[in-house]
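So that you can tell them apart, the chains are marked A, B, C and D in the order they are listed, and the count of residues begins at 1 in each.
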Amino acid sequence: MTVRIGVIGTGAIGRDHARRINQVLAGAKIAALSDVNLEGARAVQAAVAPDAEIFATGEALIASDKVDAVLVTSWGASHEQYVLAALAAGKPCFCEKPLATTADGAKRIVDAEIALGRRLVQVGFMRRYDAGYRMLKQVVDSEIGRPLMVHAAHRNPTVPEQYVTPMAIHDTLIHEIDVFRWLLDDDYVSAQVVFPRTSAHSHAKLRDPQIVLLETAKGIRIDVEVFVNCRYGYDIQCQVVGEEGLASLPEPMSIVMRKEAKLQNAILTDWKDRFIASYDVELQDFLDAAARGTATGPTSWDGYVAAISSDACVAAQEAPGTIVPISLPARPALYD
Amino acid sequence: MTVRIGVIGTGAIGRDHARRINQVLAGAKIAALSDVNLEGARAVQAAVAPDAEIFATGEALIASDKVDAVLVTSWGASHEQYVLAALAAGKPCFCEKPLATTADGAKRIVDAEIALGRRLVQVGFMRRYDAGYRMLKQVVDSEIGRPLMVHAAHRNPTVPEQYVTPMAIHDTLIHEIDVFRWLLDDDYVSAQVVFPRTSAHSHAKLRDPQIVLLETAKGIRIDVEVFVNCRYGYDIQCQVVGEEGLASLPEPMSIVMRKEAKLQNAILTDWKDRFIASYDVELQDFLDAAARGTATGPTSWDGYVAAISSDACVAAQEAPGTIVPISLPARPALYD
Amino acid sequence: MTVRIGVIGTGAIGRDHARRINQVLAGAKIAALSDVNLEGARAVQAAVAPDAEIFATGEALIASDKVDAVLVTSWGASHEQYVLAALAAGKPCFCEKPLATTADGAKRIVDAEIALGRRLVQVGFMRRYDAGYRMLKQVVDSEIGRPLMVHAAHRNPTVPEQYVTPMAIHDTLIHEIDVFRWLLDDDYVSAQVVFPRTSAHSHAKLRDPQIVLLETAKGIRIDVEVFVNCRYGYDIQCQVVGEEGLASLPEPMSIVMRKEAKLQNAILTDWKDRFIASYDVELQDFLDAAARGTATGPTSWDGYVAAISSDACVAAQEAPGTIVPISLPARPALYD
Amino acid sequence: MTVRIGVIGTGAIGRDHARRINQVLAGAKIAALSDVNLEGARAVQAAVAPDAEIFATGEALIASDKVDAVLVTSWGASHEQYVLAALAAGKPCFCEKPLATTADGAKRIVDAEIALGRRLVQVGFMRRYDAGYRMLKQVVDSEIGRPLMVHAAHRNPTVPEQYVTPMAIHDTLIHEIDVFRWLLDDDYVSAQVVFPRTSAHSHAKLRDPQIVLLETAKGIRIDVEVFVNCRYGYDIQCQVVGEEGLASLPEPMSIVMRKEAKLQNAILTDWKDRFIASYDVELQDFLDAAARGTATGPTSWDGYVAAISSDACVAAQEAPGTIVPISLPARPALYD
């Protein structure tokens, strides 16, 4: 069976997912496209999805009997309405992050899915599909004893002027917030943010770098350096310290060169080069589950918890040094 | 358009390629299967290719109008006849190595393809599709000046009793023979083999390790250690020394762990883990070209040159220390 | 001129320094020994210092005209009195850490040295003499822009039952407290300690691991993981993040081995193997300065600041999560 | 007891050894200097050896009762005569390489030492004292099973016009020739040289790079790349492949930096930075043995075997591709 996919939102990520499904992955095809900008949808149709039908609205696309499953890659503020519509239609739905722009919005999706009684939503936290993190999880689960600490860093070479302090949480740390919960099988109980002196390469509305300190229910302490004007590259570091040993996320594969008195490897400078392969795995996982009428991978609950945890980190940014508690409702049985 | 693939030979590699085409890659489906062991073909049909028709002979499969392109994954001695049949039928054909069991056989395929006047054959030298070698080629082509030397190693943890000395060339070194021609854009002019003392872990009919010394038309000197009972792992090393610097094949990505007084990475022990991802890329390349009615990647000519070069290396094994010349006919224009 | 050295305290470290001066370093000899345990002094005399005279008390040794300079390697609680005596005698004095067991005691030494008007005291913070830290300082000073953050770890494989929580500061972190001031040319303004869940390999009176967060006058943020039952080895990590790049302390030199499916380096398990070479450099520096009648290297002021900073860290341990301010007097001109 | 050292030859290396003995090492002092250039001797006296007496000839220095042991650091052609004189005087003698400029000359020294019946000569092969090689020998002796192969490289960034092809053996490979005998406890039985195309950075009288292939009595095969215009740095590589695993010489310790999209370590560019520390160890070993009236470390026999082996390698250069046998006399009992 070929799963017929409808894509809502045909910007860069929507277009790339459409290409991926039609040209790289197995078992699905792009059957429908929709965008508030009709020209954008037509351009994607012409470029990578010639057999797709264009719908005037996301709701119409979701309702169409030509669509088996939905990709929500539209503007973040519209995610909630489309995911709720897909749930109402009983169709598997892949939603790029954020699941919703507020924790309350994410909660409404969780409630709708619980009411439905089965999983239909996958949230686009792609790091869980990254080969490096998967290797790391395997080692953490089997080789180094109980995890006690995580030392991590999320570094970008540069960010534009529009990127302001809270975006370091909502757009950047959000990936660590999700992936550490998965890596450690744990939840956060508090957050603290400390600010080193600001880099001269930052700008007026951005305190950069910052260090986010998280504590988990199990008592694991996590420190994450977020440094988005680090200049030298796009660099994701993660080291887990366990009772018996340490394990570190692998460096991306690269050529070792000896030249000009340097033993050197290239460091990536674009996040897409780092995680592009994980999009293929993530979306194939969605397609395989959609063919069975369900969803796997990161859940609505994960999206909701990420929203609550992010809000606490932003509160911690606003009161530097203060330890902000994070309290979560009990995990519903659907997400066990 | 979906390319309809017929697979001749449904052993381990045939089965795996069938799974790959039906479950992982885009743009093709398994339409036909054939094997001298009919039960084997049926088992693959049941497991991964339910829509495939089973043919009594490879020739019948090739002739069928339900088949657009052919995969030859049968016993090596039968490759030549099926590739010639595919050429006669004008159908794109992917042939696992060896292209033929003799240089003369490979020559007959080259001649047939030249007579046809267009490329239809891709030989299964998958290393050219390996991400590491591709990175290496890019650096060699742009960063280190003219290549002068290559230091390489091909190590297996162990081989069975049936593996005898010449197989170190035909089954093992054959990959280096092909990939260095591609990496350096060069051909061999001589080969020499020297034998260190034999490892106690080898057996009576196998001199192991051995060192193969190759010289190219450009004057590049290559040394390859072939050590198939090295015990510690499956390890492929390649360092290119250029006029301005050195570049080395990356180690496979792995977790760095600190445990038990060791800073340690896992080394692979199975060749499949090392090169499995390159099969996907290789075969997708075949499918994409087949959709256009042609072939790309390693050519019949590459298969023929590999056969001639291997024969010289075996002659060099038989006269240790002797420098055996390798002389190749001029490259036909079809393969420029 | 050969500098005649008197050693007060002939335990393990005193004995090793005596051996070092008589057998490894140039320009000095052991002329005098003293210990509360006379037998210990005689044993050192017999083993490595046959020409040394044994004195009944440290004070007598210091007063002797056969002694040009003094090494204080006695029990910590006695350091202050011997250093003050050496200052009173106008003799260069090398004092193992701690300079004194209280900040007040260290202050008395600083005051005495200021009253004297010239430097005579070197404190035994050997890390400043370690080749790795020296390389790191050079790179930090020239290559990575203004330092913004330091991520560090101090790990021991195991500690005995007598090692209780505050010792993680006084005996372990004390090295980082000193070396980071030197590395960054900076002072601390606050400390905070957070405790992850405790390792099962710790014991009742030791919360292990712990993370110490330091802030400097320049606004640099330092996090140091102190983990003294980490099991896997003795491991000192230090990474400095600057505005233009990062620099990390080198791993100790070791053989890379490929064996048993592991790419592996040995990790040290004994702190002495890590820092033994720096003792030679440190003590030669003392001998060279003593020959000129003065002292270089870590000062009394450094010893005093280390004491104040340590006290703040212990206070921070006692109130986990609280940010404890550190306030220092102005640096006297003698120590500029 | 302080060993009184006489230095014959006060050029760069003689001066540096004099400084080392007077300022760095323990147990000896420079008592005498001699040089064909009297001004040179006086300059060294003034700079680092104020207590040394200047002698008109090396022979007079050797004969003086103010000299206990001799350093021969004069012009290579004069080594033999001074070493023979020291042997005649029964004084320990450290001789920089070469022991003599011909194998016959070295043989005369061996014969004289055998006639004397005890070791007095140490040859200046400093690599045996390098910390990296010592670590490697320990691992090779205990961890990787019987050695089967050695892959090595000796690379210099550049050499002057006077450096011609045979110097790649006499001045460069000579270090590998000695150190591999020690590392493997073995002797050579044949040599072959192959020449890759020559680097554009070489000059008319130098074929560079070259690969020297050595076979040992035990059947170990060694390949050494000698590349003295490699541009990128001074780089010494050595990998030993054993029956159970591989061990590699460590890279020199250096800072890992992340900057400008590169994960980078500095590579040394000057051989002195690579091996300077081993001179201290080597010479201390000589001083310690001299104090006991004997010599340890590399022997006259080692110097003689190095001369024979080098001659064979030069013969192999002159007949590229030819396997040149190396035959050694039986090792005299004095050198067991």
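Keep this in mind: a contact is a pair of C-beta atoms (placed from the backbone, for glycine too) under 8 Å apart; a residue touches a chain by one contact, two chains touch by 3 or more.
All of these numbers come straight from a predicted model, not from anything done at the bench.
Relative to the C-alpha centre of chain D, the farthest chain centre belongs to A. At the interface between chain A and chain C, over half of the residue numbers involved are used by both copies, so each side presents largely the same positions. Rounded to a whole number, the gap between the C-alpha centres of chain B and chain C is 59 angstrom.
Distance between chain centres (mean CA atoms), chain A to chain C: 45 Å. Once the centre of each chain is set as its mean CA position, chain A and chain B turn out to be 38 Å apart. Separation between the centroids of chain C and chain D, computed from CA atoms only, is 38 Å.
Of all residues in chain C, those that touch two or more other chains are 231-232, 244-246, 251, 254, 258-260.
The part of chain C that touches chain D in the complex is made up of residues 22-27, 131-132, 135-136, 139, 143-144, 244-260.
By the touch criterion given at the top, residues 157, 231-233, 235, 251, 254, 258-269 of chain B touch chain C in their complex.
Across the interface of their complex, chain B is touched by residues 145-146, 148-149, 151, 194-197, 199-201, 209, 211, 213, 215, 218-221, 223, 225, 227, 230-232, 241, 243-246, 321, 323 of chain D.
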